[in-house]
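Both complexes below contain chain A, partnered by chain B and then by chain C.
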Partner chain A sequence: MDVSDSVLDHLRHVAALPDLSGTRYELESEIGRGGMGVVYAARDRQLDRRVALKVLDSALAGEAQLIARLEHPAIVPIYETGELPDGRAFYAMKLVAGARLDHYLAGSPSLGERLRVIRRVGEALAFAHTRGTIHRDLKPQNVMVGEFGEVYVMDWGVAAIAGTPAFRAPEASLDQRSDIYALGALLEFMLIAPGSSAAPPALRAIAAKAMSADPAARYPVAAALLADIDRFQEGRAVEAWSEPLWHRLRRFGSHNAVLLWLLAAYAIVKFALFFLRTR
Partner chain B sequence: MGGPHGQFPSTQLSLLEAATAGLPNDALERVIALYWKPVYRFIRIKFRKDNEDAKDLTQSFFTTALERDFFVRFDPAKASFRTYLRMAVERFAANQHAAANRQKRGGEVTFEPVEEQAVTTESPEQAFEREWQRQLFALAIEDLRVLCEESGKQIQFQIFDAYDLAGGERPSYAELAARHGIAETSVTNYLAWARRTLRGFVNDRLRGVTSGERELREEMRRLWM
Partner chain C sequence: MNKILVGLLFGLLLGALDGATAAFYPETRNLMTGIMVGSSIKGMLVGLLSGWFARKVQSTKWGIAMGAALGLLFAFGVAAMQHEHYLEIMLPGFVTGAIIGFLTQRMGAAKLAEKREA
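And now, the complex of A and B:
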């Protein structure tokens, strides 16, 4: 039989839609797709709430179990896993109302706010790494910022994913340090996002250290990168950057402003007294 | 359909399984069923051949493939079977094209056939891919039709035919329900079944023309996502 272009397109679309008969879910619409699966908005008829439903290639059914084990405030909770009548695996998860990180950055959030987001992402990574899970494909499209400011890292640990070029570490075999690389790339992406002011060199150095070509030169764990960001925010020297003297003095000045003002006032008074005495 | 865990039961061996089992002709038949039209269309566009010349070249290509160790030389580590076949067609047709031109230059002056092809904006490679998808679905639809006839599910196929294969405006579910004297929910269920089964047949056909699980997964991803 002859299949016209329009029928072909229609069939490719409808035959790929998940058949949810026999499940508690009702399909609403597609909300995203990646290398390994498609995410749909669906309605849970039993609990009368909307959920996100990710349908996977059956060979990747383990992904759901893997994520379900990661209970963390910055990792989307999994409600249920299952199998469609055609053998494909699916899992239902919280439908996050918010914006993807790349869209969120279009609103030009402050540096402090951007660092808060990267901290949440780093904490989720650190937690997953302690559970022996690596993300493999961390990028702005896989981070959601919810309407209450909550941050979620999505699309965890699919073995077949090779990573997204701009965020992928150069090594062939990915491990925790490859996630550190991606976290550094994400930090850099957030620092140079349109609308942001010039990034402080210490933060750029933190991103560069995390993105070292040699995995051994990166931060050993995500917590070490976060600790360096802490140091920056507290006005201390960061590990990633040996700052020039003038910069160290300036940082010392801004960090100890009160002390310097007191010293200056003391010196002025001292000088004034000395001047009055010698008259 | 059914099978373990509701998965679609596979009826087709992969190309490498077929070669191992000593069934290259069977494998070739599957390849020809799926690839004849894409190869024909690719030759027509790429080498600007008329209908008859393109048919002859397509026929020659598959005959030559049958005679030579076409499947044995396929290395799944280097490319998908689809790419391997397209490149083989390109080489074969280019050689034939060049030989034909040499013959013309050495003999009497002949006139090129009037180009009768419709002007197309797609590349030969895109046309090949599109035709391959079209043929894949055409074969799977035929598989579905035969299954429905053999298992007394003619009504399911009629509804699928009237809705999903409609060339123009699709009837509503209510119209289909009234036409067949069934509930509207049955229309929904029949369509869901037909689509699910069609998907299974498409994947099964794909399995028959890929080298194994890895290539199959990649082809499925390309097709469905």
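And now, the complex of A and C:
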């Protein structure tokens, strides 16, 4: 690449930057780039705060209205929508300070912490599904974990997006069960992330059930998948896995360890008293 | 089911079972009915108070401690009435109380949940 090429690249880059004149925002830097738009960090001059600004093709402007309807703690709130002088649509949203899920997992969070994150993602999905919205492209890159542990699911339900291969359900027409497939794929991704210890078979079974090729074999709703994760965390049997007897006994033992110790203490006391008496 | 009812039921069951173990001693076989009734009532009293405590304090550790203390206290009362067999009555009573205390913490709805259900 010679000097003229680099100058040309720079000019292209500058030309592609959105013209924010006439808006209350001041461009800071590019944060990310996706199939249907670019996200920038910007400053809201009026309220003197940093925001994330997503600039879209005008054809996809409905995305903002769609997300604005989804008021949930795990869904990034939309502040404002508008149109740039060049006709492109944009919307301003909360700028989340934190890490993308794939980067967050590099820090080897505990299994409990990873399940907390998947629970928050699942709750956001369940909420959106009750509002008739599906995500369509759930993947680690679309989940942010904030610096205080808050979880946000981003890039909701744009019709032009058909999902990311590793997280996309095999069926052609996407619906709620396609999101459940992606949630299962996300769970699997989190279980096998580098630095994590061997995934418990019950959790692997939950992910596998959610990722069944046949949509009817998946969990019918996101809440059902979360309920199975709850069962795992409470030491109960999960629906997705018919566990072997030895595993069931071990789970019963660890779940009821205190009771078993007390019963053993009672038996020891009784035997000791009986043998002391008859000696 | 509320925690007091859980305590009463498990107190009755475990008290009766504890009383039934007296059948291993030949000298008590003629007194089995009285022992079982007395032991069941003792268990129910421990269960009642442990269940009441579990509604106030949600802690497995303190539930076990309270159940054990109540079991020991009531077992001492029973042994004191007979003026003998203190160890044979108080030691199992202590452990049975601990089990009842544990069960009242683990099972049954706490007061807040009961109100919500209502």
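Basically, the second predicted complex is superposed on the first by the 266 of 279 C-alpha atoms of A that agree within 3 Å, B and C clash if a C-alpha of one lies under 4 Å from a C-alpha of the other, contacts with A are read in each partner's own complex, and residues count from 1 in each chain.
One rule holds for everything that comes next: a residue touches a chain if its C-beta (ideal position, glycine included) is under 8 Å from a C-beta of that chain, and two chains touch if they have at least 3 such contacts.
The structure displayed is predicted, hence computed values, not measured ones.
Engineer: For A:258, decide between first (touching chain B), second (touching chain C), both and neither.
Structural biologist: Once the two structures are laid over each other on A, A:258 reaches chain C alone.
Engineer: Taking the superposition on A as described, I'd like to know which of chain B and chain C A:271 touches: first, second, both or neither.
Structural biologist: In the superposition, A:271 touches no partner, neither chain B nor chain C.
Engineer: Who does A:6 touch here: chain B (first), chain C (second), both, or neither?
Structural biologist: It touches chain B, and chain C stays clear.
Engineer: Compare chain B and chain C by how many residues of chain A each one touches, and report the one with more.
Structural biologist: Chain A has more residues touched by B than by the other partner.
Engineer: Kindly list the residues of chain A that each of chain B and chain C touches, one partner per complex.
Structural biologist: After superposing on chain A, no chain A residue contacts both chain B and chain C.
Engineer: Considering the complex alone, what residue numbers of chain B touch chain A?
Structural biologist: Within the complex, chain B touches chain A at residues 5-8, 130, 133-134, 137-138, 141-142, 164-167, 189, 191-192, 195-196, 198-200, 202, 213, 217, 220-221, 223-225.
Engineer: In their shared complex, at which residues does chain A touch chain B?
Structural biologist: For chain A paired with chain B, touching residues are 1-8, 10-12, 14-17, 19, 21, 33, 35, 38, 57-59, 83-87, 160.
Engineer: Can you name the residues of chain C that touch chain A in the complex?
Structural biologist: 21, 24-25, 60, 64, 87-88, 91-92, 95-96, 98-99, 102-103, 106
Engineer: Would you pull the chain A residues touching chain C in the complex into a rising list?
Structural biologist: 258-259, 262-263, 265-266, 269-270, 273-274, 277
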